[in-house]
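Look for subunit A in each of the two complexes below; its partner is subunit B in the first and subunit C in the second.
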Partner chain A sequence: MSEKPRVGIFGMTSCYGCQLEIINLEENILRLLDHVNISYWRLALETPSDPKNLDIAIIEGSASNQEEIEELREIRQNSKIVITIGACAALGGVQGMRNLMNNERVMSAAYSNLSGVRATEVKAIHEVIKVDYAVRGCPINKEEFAAAILHLLAGTQPPAWNMPVCNECKIKGNECFFERKKPLPHYQSRVCLGPISEAGCGARCPSNGMPCDGCRGWTEDAHVKQWIKEGLERNQTIEDLAMLVHRYSGGTKDSEIAKE
Partner chain B sequence: MIPRFISQEALKEWVEHLITQFSVYAPVQEKGDYDFAKIAHAEEIAFDFDRTRMSIKGFFLKPEEKLMSASASKGDPVASSPDTSKRIIFGARPCDITALNLTDNVFVKDFYDPYYMKRRQSTIIIGIRCTEKCRTCFCGTMDSNNPLTGYDIMLTEMDTGEILIQAGSDNGEKLFRGSRHLTRQSSEEDQSLILKTFKKITETFTPDIPTTGLKAIIDLGRTEFLWKKYEKICLSCGQCVFVCPTCWCFDVKEIVGADETDFGNLDKTARIRRWASCLYKDYHTVSGGHIFMPTVASRLENYYKHKLRGIPEKFGVWGCVGCGRCVSTCPVGIDIRESLKELTGD
Partner chain C sequence: MNETIDLKHIARVEGYGRLIVDIDNKQLKDAKFNVLEGARFFEGILLGKKYNEVPIIISRICAICSASHSIVSTYAVENALSIRPSEQTHLLRKLLVYGEMIESHLLHTYYLALPDYIRQPSVIPLASSHPDVVKRAFYGHGLGNEIQRKIGGRAVHPIRNVVGGFSMFPSLEEMESIRKKIPLMIEETLETIKLFRDLPDQPTIESKRDYAAIWDCNEYAYCYAKEIAHGYGDPFPATEYQTHLIEEVRPYSHTKFSSLNGESFMVGALPRLNLNHHLLTNVGKEALELSKLNLPDFDTYHNNIAQLVETVDCAQRSIDILDKFISDDFEFETFDFNPKPGNGIAVTEAPRGLLVHQYTFDEDLRCTYCDVVTPTAYNQHKMETDCVDLIPRIAHRPREDIELFLNMLIRAYDPCISCSAHSVKLDVKFV
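Then we have the complex of A and B:
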């Protein structure tokens, strides 16, 4: 490689937390910079400069208005590889719940004056443009992100374990939040989304005393209906369960369960 | 060694002594359950434990480990060397020891796995015999409550509270050599006490779930109804596999450049091994996208048949040791004890 690959990092509708996670790589980010040239990054560069002729575009956030949809199309045209980071980009994110609710009520709860609001239906990035690879999570696991970039630079497929969070949770030796017979403290929900959520985060939440919230989205082989059935047996309401399984994924087409 | 007795107090003193020479892992109470942890004092041991949440398999087949590293350009493979400093697992239950004996067949006899083997060789196992059933026990049925080998020392609590020490290996004997003053010889009068305690243990662990005819039933294919029933509830979460002491499947991946000490060096690759589960679709997916066991029903069938039909045929023992960990952990309540009863029409 004569010249370092050119990378652009873009933020759509999101909290910018995933971009912060990249910065949180600390000294390792310098090692990444040995291999790439960041030519556009509004969050971290004094002069974000040039979003054109990119080898890799990294996109955070969901598409939530027309300007973003147009920007995304431009990014796609200007980039060889498009990677999304975070739950918003992969699934629509928390704001995607808006799609599942009464949009008008959500809007008027948020804004007193609706005249300047440009919001459109929330969309995951792959619903707008072709995405080559997604690093999931809310926020992303920075080690996983770094590994994905390094693999792409080495010309190999980024590693994917394709397993539910329970795999990593058991590897960590955590207490399980989903055992049937175990009494849980009153403040904890009696369900954990780990069995149907994609691993890769290192079972971050159960390792820190909370059930999995499903921020990485479902596994390829998620048994969502069975999971809901089990939740109902534990006296959870169907509304609560539907919200849980779609907390992050309202921006994708497979959000039927909540509607059902 | 002729079995000797030790009092509960002296046992703790002995453990303190062991801690000065070895890393000692023992059951402690943690996060609402019992688990093995490295201890600094005998007091930390939860002597009232029934069984630990996870089995001892993770001491030998690590949940996740780096097998080797290599250079992308030069090759130059370097195998990782597992920590082989001597350690003691104190308080292994008989079912876990039976499971370890079975696992040896796979990792030592058929194919030699140096990572497993080195850890196995550097570990001294001190068992504590169960005198009561644990919360999910059916080890009597699976014939695993009285392993004849696989331990260095076995401790059995007598009715009087005193503990009988039996050595299972030369290493076990050596462990006691310097501490004989803590123990006492068993006398003629003790014989009836010993017999009484063992008789009670035998009664407690009398098989209570039918297994006769299981082979014929499985071979006749009269099992489909059960997998169909479970398919409606199983989440394919794989937990039953990770907690099972006789599940030993793993997955291996190459990782580029993510070495902690030399991050970003694209020339460096690491080979990582990690526990996997046959309940996952991904586990049965091969290049080209073909999936050998696409349905949960077929995967559960595989799980059960492996333990109840395949392993018995190959190794002459049950592939389930009856610890019931899978029962506790299964979020939807699939219970292998009930499965056995349903399969045998009980």
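Then we have the complex of A and C:
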């Protein structure tokens, strides 16, 4: 037993959805447990459990206060490989939008008295410590997560997608939001982030009748400015477009686009 | 003898919370429950956002209640903008919520609570000691997720539920395939009710305080209603939630405390069952009888078994809706609407209790005000007063037992701390 690699699962500021997707593996968790020992996981194991000497640390959530930043540094010291799960960890997540808004105004809308609120700028995990691999999505796709773990255990690098959601969307045969003749119904945004968003989700949102809103982050060669230009041609305001391209990614350095 | 019990991380709950209990000479002096989650400021993030973006963003408050957040948010937006969704939309939303209730209740009872009842540190050892139970857990929990996936498009953070209706519909085959799997899950959950009922040497508590849930006199309301009912008085309109369910800040903590008529109160499965048991489906009534719960029940620990009774009831209700859809009247609807600015409030039941959303939209249909109150925020005060009721009963026991029973008490609420952290004040003191 003791030779199995040791894994720790950690939650920072998040909704727990990516950890929940791990539980949603159902009986496949048992298969994963054939290969690893979970030695730290607050969501599922009673304390005390042991966050030291880890082979793989799995981190969900963004860094949003000083305690989390310190915990992250400890995790990095205690682990050979660090991977992140989800948009919060990789990009900042929806809470990262407050970096791009008037922070004071955002915070006082939620709390009448700010004196006790310990909050720093929202940061993606790789802005704080070195991250070896990121499983993307809000939430992650559980199969993709399991496959990534198996790759890492085998010492191989999990696959990178390097293509936009549009490619998967076309394979699925969805009618493109940009090409519809009829005006779109009110509930949908007028624009789809598929052209600049990293694939791997199977074009989940367009396949369910909603435009992609970019939860997996941008492709490496994303033409964001070109995309914004197209959005402007569709009568969107620059503020709305900037918030949309950063709906999940306010916690990264990329967010400069929004400030332009 | 003075003793402080400090449960630094309450493990096996969704989120990061801490309970500090001071016991002096077997008397409870003080109990404080702290939320240590990072704050996410949703009320602020939504400012200026278009109404159709609101449900998508706000469901990210919490994964395990994401269907409830998405649904109550669409209802609140619809109320604000004078949009009337179709009858079929209501039914689809109910079905989505039943899937969520099943998934969340079974996650909690099997994976998070049951290990305590058989004195194991987690569900993992149960895979070898109780393989049949763990198999049931996978099946039922997975089925709850499958309902959410086929109706909402995704198990966590549904895609298809949008302002006004659904962006896509399940196919006949999808509905039939879920329908077929439900009866076995009902049968197995009834077995688990017996298991929970018969486990020896478990803590009990009698805390005769008020309890609340959304209310519809014609049906056991799991998903959206216009009123809120409670144990000791008449129901009141949901729109008056802020006058009845008072939130106050106390000087010793940055946490908000909720009270009803000046007292702590509970929300969740047990309160719902106390208020609605006469409206259970027949199969739900069978489950209730099997559970041997004597209603109204004031034992917080019984929230676990109440969740199992609700699981059975929600499973039967899913069958009823699916049968109706399959037999004749499912329509692929298109819809559009004419939104008008305004303010809207909606209340629903998340698996762990009463959930409120309120928004205001301006002429440009952008959000100018948002208030969200989550079940764990309502329950927090009661968690502390329950400690007052519990400690005299267990103070003579060894410290390990006291710690276990306190942990079990907090877990019985099935607290979703990540949910509550969006709005509560955080305690800055680290002692």
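Couple of notes before you dig in:
Everything below uses one rule, namely that the second predicted complex is superposed on the first by the 252 of 260 C-alpha atoms of A that agree within 3 Å, B and C clash if a C-alpha of one lies under 4 Å from a C-alpha of the other, contacts with A are read in each partner's own complex, and residues count from 1 in each chain.
Note that in this section a contact is a pair of C-beta atoms (placed from the backbone, for glycine too) under 8 Å apart; a residue touches a chain by one contact, two chains touch by 3 or more.
Note that the structure is a prediction, hence the values are computed from the model and not measured.
In the superposed model, more residues of subunit A are touched by C than by the other of subunit B and subunit C.
After overlaying the two complexes on the shared chain, residue contacts for A:Leu43 are found with subunit C alone; subunit B is out of touch. Once the two complexes are overlaid on the shared chain, A:Val94 sits against subunit C while remaining clear of subunit B. In the superposition on chain A, A:Asp55 contacts neither subunit B nor subunit C.
Within the superposed three-chain model, A:Asn167 lies in touch with subunit B and out of touch with subunit C [touch as defined at top]. Shared-chain residue A:Glu198: touches no atom of subunit B or subunit C. Only residues 31-33, 35, 53-54, 58, 63-64, 72, 232-239, 242-243, 251, 253-258, 263-264, 266, 274-277, 280-282, 296, 328-333 of subunit B touch subunit A when the two sit together in their complex. Of all residues in subunit A, only 28, 31-32, 34-35, 143, 146-147, 150-151, 153-154, 156, 159, 161-164, 166-167, 170-176, 178-182, 192, 194-196, 220-221, 223, 226-227, 229-230 touch subunit B in the complex they form.
Taken in their complex, subunit A has these residues touching subunit C: 11-21, 23-24, 26-27, 30, 33, 38, 42-47, 49, 61-62, 64-65, 68, 93-95, 97-98, 101, 105-111, 113, 116-119, 138-139, 185-189, 204-205, 208-210, 213, 239-240, 243, 247.
On the side of subunit C, the complex with subunit A involves touching residues 8-9, 11-16, 37-45, 47-50, 52-53, 56-57, 60-64, 66, 107, 111-112, 115, 121-124, 127, 135, 138, 141-142, 145, 153-157, 159-160, 162-168, 249, 254, 334-337, 339, 370, 418, 422-423, 425-428.
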